[in-house]
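Okay, got some structures for you below.
After this come two complexes, each holding subunit A, first together with subunit B and then together with subunit C.
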Partner chain A sequence: MSAVGSNTRVWALHLGVIALLLAANFVLPEYHRGVFSRVLVLATFAMGYNLLFGYTGLLSLGHAMFFAAGLYGAGLPVYHLGWSVPLSFGTGILAGGTLALVIGVLALRTTGVAFMIVTMMFAQVFYLTTLYFTTWTRGEEGLVLSQAMRTIDPAGLDISLSNPSTRYLIALTLFSAVLLLMLRLVRSPFGRTLVAIRENEERMRMLGYDVFRAKLTAVVLSGLFCASAGAAYGLLFGYVGSGFASIQYSILPLLWVLLGGAATTLGPLVGTLFMFYIIDYTSGFTTAYLLLVGVALILLILFFPKGLLGTVRERWLKWLP
Partner chain B sequence: MTDIRKPSSLLTSTISRRNALKGLGAAAAIGTAPGFVRYAQAQSSAPIKIGFQAHRTGIGAAYGRWYERTTAAAVKAINDAGGINGRPVEIITEDDGTDAARGAEVVEKFANQHRTDIVYGTLFSHVVVGSAPAAGELKIPYYVVSEGYHVASGKMNRYVLQPGITDVRAQCRSVAPWITSNVGKKITMIYPDYAFGHDHRDFFGPAAAEQGGEVVAQIPIPPTESSFTRYFPQIPADTDVIYHVMVGPAVLTFVKELGEFYGGSGPKLFGFIDSLEAVNINSPGLEFLEGSHFWEGMPRYLQEDATDAEKAYREAVGLDETGASVNDANDVSTAAHMFGCWETLHIIKDAMEAADYRGPEDRAKLIEATEAMTEFPEGPAHPQGAKVFNGKIHQVFGSQSISVVENGRLNVVHRTSIEDGMYEPEADYTTQPL
Partner chain C sequence: MAAVTPLIETRALSRHFGGLKAVEAVDFTLQPGEIRAIIGPNGAGKTTFVSLICGRIAPSSGSIALDGNDITRLPAHKRVLAGIAYTFQITSIFPKLTVYDNVALSVQRRLLKAGRVVAGELDAGVAQALARVGLADRAQTLAGNLAYGHQRLLEVAMGLALEPRLLILDEPTQGLSDGEIEGFIALVREIAKEATVLLIEHNMPVVMQLAQKITVMNFGRVLAEGSAEEIRANAAVQEAYLGTGRDG
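Moving on to the complex of A and B:
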């Protein structure tokens, strides 16, 4: 297969997935459409995580802070200042990007286990900060963004984000934009640089690459993607709470990415969807559902050691990005 | 195999009067046939499905276990008495994991997959606040037993109601006069440094000041703290009473360290039983609580003056006289809160009957019928006591119990009046569209 043919196939696959997800809006039962809306936003979060973990080889245990920075960056202006949805979405992304830049500059002085610990500590600081400022954030209890706060009014159309179809389409738009950006990014020279850093950082440094700069760019882009997901989550589903800044939301994207396949563009979607439904299904008949989830994860690691799509790529479809 | 069908005669021929009469006759025959009668009855006696959002796992699991038991007992009592509008009640339970995001997903699952008539639950305020937007968007009534001020604050929406348990603001106001009159006027507050603790800080202080009391120190404890001794020197020496509302797994350490810090002396203690719900008051390390006072929503220990309704409720739920399960003396209940499940389900029954509720199309009528309620008399449906409901803020008001730890049991020394806890409403949900 020529490079042009492979390129066409890759883009066709991704556009096909987006088209399928678009069609799902019209055919899925109401409950599952709601599930997919959430999953698309959370998969965007996972894609942001994947850029750093899967492609750059930096295992962060603090990405909840970027998601939550977007959540609060968008939610607080809407709630307290009455800002519009588009403006607040922008401030949410900006908050995540700025935080990622600062954290990146500090945390990238470390590597390996130290990087994990430092990112986790920063995330814990962020989490406690959301509790400390309970007067404005309502801490663990959180804030409700009313339906009236979550409307867009372009040319007097008065679009409510609480409408299920509107919400789905906005979630899909965000997911698609980040997915295509990721695809473009990881197949670009910069993306190859990140993968090369993951594989052998010293060699890249010896070859003259500015490794710190590349990694910092990856952290900032990852933070921006995660923050966009957080901002969208708050605005689409109307709740902003410190639970989203807790350690749980740093572990979850790691699991989603590992499940779906690290360093695969579509893996985060597959992993997030799989994880959501296995919890949704098993919690219906046992309180020990996390045990079943654990067993499922062990089986998956045994038979799909590189995650679902990672293993598919390794064994059958080597052209998968 | 190929199956070629002729075009339907209905599409190719006109209907004659004879055929029409035959059709009508056949329809009448079907309508009067025994099978059809059974079908029609099944429609009118189909169960009313209530989605129960339960803390089966997570930090609220102990509460969830007892909320489930109380719910099962209440539903049995309601069904034994003929159900709601003659229809049986069916509970469909989903675990919210005591997680706000999962709580919202569960509400969606009830509305769109289980197709329940309403949603009912749950205690932890972050789950309620996280779930409220979904309930409002899906326009499904969401009756909560949470005791937070979030419902009464007006920050939820018209579909969220709390008619079966009082809120923290009312509880603080209720106990303030008794504390300042009987325990002491100089009060130091120790509370968790997040929303639940801040509610106590913000509501108890002014209420105590109204009674001539004074909060001499406020000591917030960060939620990640696991040792508390270093905070105790901040307690002013002239403190008469320490007001404590710590919750979570660190409570036992907190109480033990406080006891070790003061030894047998020190200020008097007033706490909220939230700290020790589902915990045996005679657990090792809690000995020094002897003589201290607690707020209880409903007494854990069977009191001598317990009403017949209270005794019947305790028997139905399966409580022994110490407030533990009749099947396991170590399985201590969450008595101060779980009565709210029993009472809320009975209010749902009354509201559905008042609204002549038939199905999801009557959800708006159900909300209006609940809002129209004003008083709940003490009795089998309200064993905790009489209550007053404010439909504008969707919040109920009732009496509270203040108990003292004596000889390893909690004895009620004072019951507040309903009026003690009342405050000026700050919202009006009835102005929101349904």
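Moving on to the complex of A and C:
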């Protein structure tokens, strides 16, 4: 399905993007480096969403729960039990993966609009649960993870996650790992299986593919990626609150992916970055910035229905994965 | 003949849609190596019947065996792995993917079953299947842009690429030109050297040239079964067809 030539080109592009982002750590002004750190983590969330929505064709309206499962899965043990950063990062991912498996088994009995509604309902239950256990989560107010809680000291070496450069490099490491995993995944037989399921599920079944199993695997992988972003977000920025489990954080990854280009590997990064800066820019000179954001989104969808990179792929770079 | 375990055997197989008996109490056996045609007027239940065999539709009652093993409850995708391939009457391809990618999904499935997908084997498998149906020069075309007849052939290539033991073809010649039909007949003969073929077909010359045995369905039941001559001479068959005014 892909020639050797395009293979080199694709890897060169992705490694080039990572190299540029690495260089950015040393040239970006402090404020923008902070923005990029957040964007890299949120773009990881968007990549996880894209695996399910873009490649598999399953529109979930409940992905905030996977992000928040990572956030709380990592944040609660750090805050209440004094667990170390690496260990709680692991529990965050594990929490997201487990939740995705359970939700997947239940929600994949439905398709289309029903799937959207069911995922949204589960996410709402998750959100309400974080409010219900206010004693532990402090609800909307949230938990602030102190600097001391967010220090890794392998062999006496103090690495503080509140250091801007450290934070950026860790965010970039996570982003790069998930990006390269996504790239391998979507170009593998399994990735082609997911795309084909999106295109014609019935045919795939009659070609001998276990469609349910493939979709469930996609949900779990998506949940793992989103939870890794949530866990990293809590640990890097030191805040764990219910707001991240609310419906807003289920809609945002959808918008980021649509904007950047569904079913493109780099679209989530482009979309997240773009949206962050539209909001940043417009909120600078008007309080009605959300209106402007809305208008910008509508214009984009009108002129670039496949998102920015989706359009680039359609018109110019056919080889873009 | 009696000593050989049939490839497919159905017993009292039925499928009802509400009050409609689309397939009703069908006992059917298919021997390995056969080319069997199923004919019958529109709405006779042919598509529903083969869909029960390949697992696309669940039966209301009755049983289906493959090599003497009951597969009535086996999910469709596992039946495909067991060697039953179905090509759709209503063309079902991946229109936004290239012809190559369409067939690659079949080859990939077969290679995954055997172990792992090696790029060279994938290429070879796709090239071979496309060459057999005569679409080799269309590999990079988007499947949705193919002419209707070529989409039918692509559908057959996807079935072939699975290297099935039983290939079910549901009205494969619909939309093909006379020249393409000639080629298709030769192809089915070729396929039949390695696989059993179950063919639903309206074009009687194609049926007469290919089928060793014909099953006639009407109102969900088997009306008659036998060689081409026996079917031609069968009074009940003639009556069923006179009523519908169709030639096949």
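Operating definition for what follows: the second predicted complex is superposed on the first by the 319 of 321 C-alpha atoms of A that agree within 3 Å, B and C clash if a C-alpha of one lies under 4 Å from a C-alpha of the other, contacts with A are read in each partner's own complex, and residues count from 1 in each chain.
Keep this in mind: a contact is a pair of C-beta atoms (placed from the backbone, for glycine too) under 8 Å apart; a residue touches a chain by one contact, two chains touch by 3 or more.
Worth saying up front: this structure is predicted, and the values here are computed from it rather than measured.
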item: Clash-or-fit label for the pair subunit B, subunit C on subunit A; value: fit
item: Which superposed partner A:Leu207 touches (first subunit B, second subunit C, both, neither); value: second
item: Contacts of A:Leu145 with subunit B and subunit C, given as first, second, both or neither; value: first
item: Which of subunit B and subunit C A:Pro29 touches, first, second, both or neither; value: first
item: First, second, both or neither for A:Arg38, with subunit B first and subunit C second; value: first
item: Partner chain in contact with A:Ala196 - subunit B first, subunit C second, else both or neither; value: second
item: Vertex subunit A angle, Cα centres of subunit C and subunit B, expressed to the nearest 10 degrees; value: 150
item: Of subunit B and subunit C, the chain that contacts the larger number of subunit A residues; value: B
item: Distance of closest approach, subunit C and subunit B, by C-alpha atoms in Å; value: 40
item: Intersection of subunit A interface sets (partners subunit B, subunit C); value: none
item: Residue ranges of subunit C touching subunit A (in the complex, touch as defined); value: 54, 56, 75-78, 80-81, 85-86, 88, 92-97, 100-101, 104-106, 108-109, 112-113, 117, 122, 158, 162
item: In the complex, subunit B residues that touch subunit A; value: 56-57, 94-95, 97, 99-101, 104-105, 108-109, 112-113, 125-126, 129-130, 132-134, 136-137, 148, 150, 155-157, 193-196, 198, 222-224
item: Residues on subunit A engaged by subunit B in the complex (per definition of touch); value: 29-31, 34-35, 38, 124, 128, 131-132, 134-135, 138-147, 162, 237-239, 241-244, 280, 283-284, 287, 289-290
item: For the subunit A and subunit C complex, residues of the former touching the latter; value: 1, 189, 192-193, 195-196, 199-200, 202-211
